[in-house]
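Here you go, one structure.
Chain IDs A, B, C and D follow the sequence of writing; residue 1 opens each chain.
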């Protein structure tokens, strides 16, 4: 197969590295450059050999058909504009162009929900990791009108540390994180909230989302525990998800409760549902697990790039 | 000071060991025996020396003024009855005699809430670890009538593995727990639910509790994240807790979000509160952290033993 | 490609599971059965679907061209004999048929050292994990006569917990292993010592090996730190290894010190060498890292099966 | 008891914090200041209350009878000189004034070996963590002439991450250290080597030390595994240590192999010995475990401060 040339801006972060690894194993893509300002000149080890990283300013953008930006939030938008002006397609992994963060109307790449508008799209805003876990779990109930109108949906979620990137930070040192657990960005202050609210609104949801993230002493993985007041308990608990996600290769509907280990290094979201017994308000508990670096970042970015480029959506992404 | 002789039934589990260590450092108690059926004859290392563990049948019960039972759930009640019949006072760490588990009317030792009925009590049912974290955080809102009537209170909590004891179990092996996170006993099926419901009812609460525990890859610690619909947001968020817990030596009301590390090896519960902004229903987020083996088990048992024996409640328990 | 039918005895342990996963991704092998006595009837999840495990007695041995035995030490030899009597080839992952453990002359599958006698071999004893890391690192010095005659070679090594299997054991509980580190089986008492001594002797080594294993709080990985008195320091430190291992796809000679993360989930051994400066006795430090479940068990077993079956040695084993 | 006023320079690092906590619980010391340049103005939580940290330049040095310096290597020596010039005694936890690092003749505070020269000493260089574990384990063999003359003693050791301090470093992020293990500073390049060599020489040792440190995925603890060629195997393996360390409150000679958990948060070194069987050269394996922040830093500093101030050596240091 002729491989399509692609590049990665910001290849030294956790998501950027994961992306380069996935591209290296992708039968339809060819990694022609990878940038890393502070680590320019260093070799990036890949399954297929190694690549010398260049500074972002020095990237041969014009050689790529599609460019992934894994640059930091705030810094990405400008580079996305420069790349688009030069011609290549872009999948942007930062939050800069996601709903709620920009006035531009950029297709939001929650692939399973928005596939139709992503095919052949020249620019795609790749979702955040928490929104991927939470929205894919919640969407079937919202779309099918099963959420109690006006209710609060509680989304408590916990993430491994790679979600915070690999820049040196004292609070992310091993000595601070091991044997510890805490919430952060609580009270609906997290950067991922706007894209979740916008998407829920677009799906027709009349609900208030309360999102509380926590930091886990693990490297990778997100587990979201959703408490959803519903109009009634479905006779077949999983029916709403089966209806929504028939034949989706990257969505696993399971009966056992999912763990983050089940999804490690895999481009899937794993979802299980339980009835919350003993409450006056009919309520479902929905559990959703992803690998924050794969389905929550680089893997979903590959799904989106495949759609943008007219390749089979699952190419290079073994579930 | 004359030391009061005490014994421990079930000293080889995590809670039993912690209890023996605390007793060894307690200026008013003297550990006269410790039992462990499978490890009888083994030495139990203590800061003050060591003690040879005996089989439970061989415990010289009559030598103790008070006996702690850290025997397994189901096995404890019978031994508690035998000890009481022989004379000594008992603090039972199992769930056997807690509200919702027995028809007997045994004082429930959530010390800060029930102190008056614990003084001089000959038998005390020591609370579970999750109920300690959740009820102490929730009680001020319930007692002060601030919870929205009929509302669901969502209690998502995560615990270290010592909460599951130290009997060999394949799902608790290091290789299964490291880099992992999952919920368990969901849908209101956990053994700790009855005592929480009974206590909330007794406090006059009109609410439905939805409790979802999770397993953390840490040895010790519990963090509970409570979502509480309230009648209105207090002008001073912490006022309900300050009112309820003035001068409590083992309750720490803090402004920073608590982490389990903050409370490790300490007999305290640390509580912080946030407003959940952007919701139609006024809602508070309450965070509560304890060490499951100390304030959630052995430390609180010492508080209760002190009350039963007429000693100062905080004796031997450095906060 | 026509796939050759293979079976796995003992598929519920860590090595057995890893093996089944590797076979599922192998283009030349077809997994026709997997056995697990205590978990018979359970489904084994594989990348390519799932397989119901059967009891070992019920395995359709005759359907396989080659059978891997990942049965426990002591139990494997009998089954190997039964399988061989029935016809199929065998790669045995237990220690039962390794040098020093049996009077039989079974080819020892340290692939890079013994390739010639493994081609088409009907029965192969797959090496232990520690011997794989240690012998591949040490062999070039031994074979090239560079070890100081009569010297003691100190092999301190540390392994993740999956090396101990997944049977429930109190000392392998997460609560016991986290934040801990200790040696075990010291003083040359480890089960892996005989095969190391036998192999060193066969390579012509005149040295005494002192092997001290340690238990790491990680799931997988072994790092061996070898102190080797040598006749002289090579001008080019890595020359002995480059000479021995030219063109080996699964041996990585590196200049940076190897870490167990570098080799996780990969069928490689990574080796680095340093001179120990400031000693009267010329001495090399050799560092060797493997994934104990891959190059140290299931991956090497696939290498050996490929050789036994006449397939390309690296087939199904992406380095 | 009248408490002696002391201060801590560099209270925001791991060792400095541990020191402040120990001082707060010490019945004979009163912490009158704690400095932290980057975190000046922040409150330091202590068991007995809290203290506001000041910049080092603003420390009221003259108010202290003794000052501990936990400043970084390189920065400490100058401050030690300033404090000494102002009058107070000093225990310096940095490497600046240890043997091999300075031409000054400063008493080296490996307490159990050098007690006589530490009593009333106005300035003491507190040992490094690795040297504490290694030298206390090795000294009895050296002093009693049992080490094979001219032999290489292999000291492989592994440490938790707090040994590297709490300044932000990318290689110490949780995501880099978890599930990992590696050697560092190998080939006798570690900063702790000079003080070990100097001390061995002073003890009359004719041996070459080969020290290889490793990084463990744990917060605290050091385990050293020493391979010591000896002139002969003692009939009673532990006799050399019992002879050397009779009645030492902080040295635990044990028969079971020590683990770092055994010594966590305790001011002890735990030592066990094994014969290395099957070697031509009589050889002992000596295992030594400490908490790097307690016996390896802050705890030993308190021992030394007690001696400098004429207090009982063990005061404030529960073993």
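The rule is short, and it goes like this: contacts are C-beta pairs under 8 Å (C-beta built on N, C-alpha and C of every residue); 3 or more make two chains touch, one makes a residue touch a chain.
In this text, all values refer to a predicted model and were calculated from it rather than measured experimentally.
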Legend entry - Repeat of interface A-D, chosen from B-D, B-C or C-D - more than half of residue-number contact pairs shared: B-C
Legend entry - Interface sides of subunit C and subunit D: same vs different residues, half threshold: same
Inset, instruction - Name the chain pair with more contacting C-beta pairs, choosing from A-B and A-C. - result: A-B
Inset, instruction - Could you pull out the chain whose C-alpha mean position is farthest off from that of subunit A? - result: D
Inset, instruction - Express in whole angstrom the distance between the two chain centres, defined as the mean CA positions of subunit B and subunit C. - result: 46
Legend entry - Approximate Å spacing (C-alpha centroids) for the pair subunit A, subunit B: 38
Legend entry - Computed distance of Cα centres, subunit C from subunit A, in Å: 37
Inset, instruction - Enumerate the residues of subunit A that touch no fewer than two other chains. - result: 160, 178-179, 217-220
Legend entry - Interface residues, subunit B side, partner subunit A - complex: 150, 152, 154, 156, 158, 160, 178-184, 186-189, 208, 210, 212, 214, 216-221, 223, 225, 227, 229, 257-261, 264, 274-281, 283, 285, 287
Legend entry - Interface residues, subunit D side, partner subunit A - complex: 14, 160-162, 166-170, 172-179, 217-220
Legend entry - Residue ranges of subunit C in contact with subunit A within the complex: 47, 178-179, 318-319
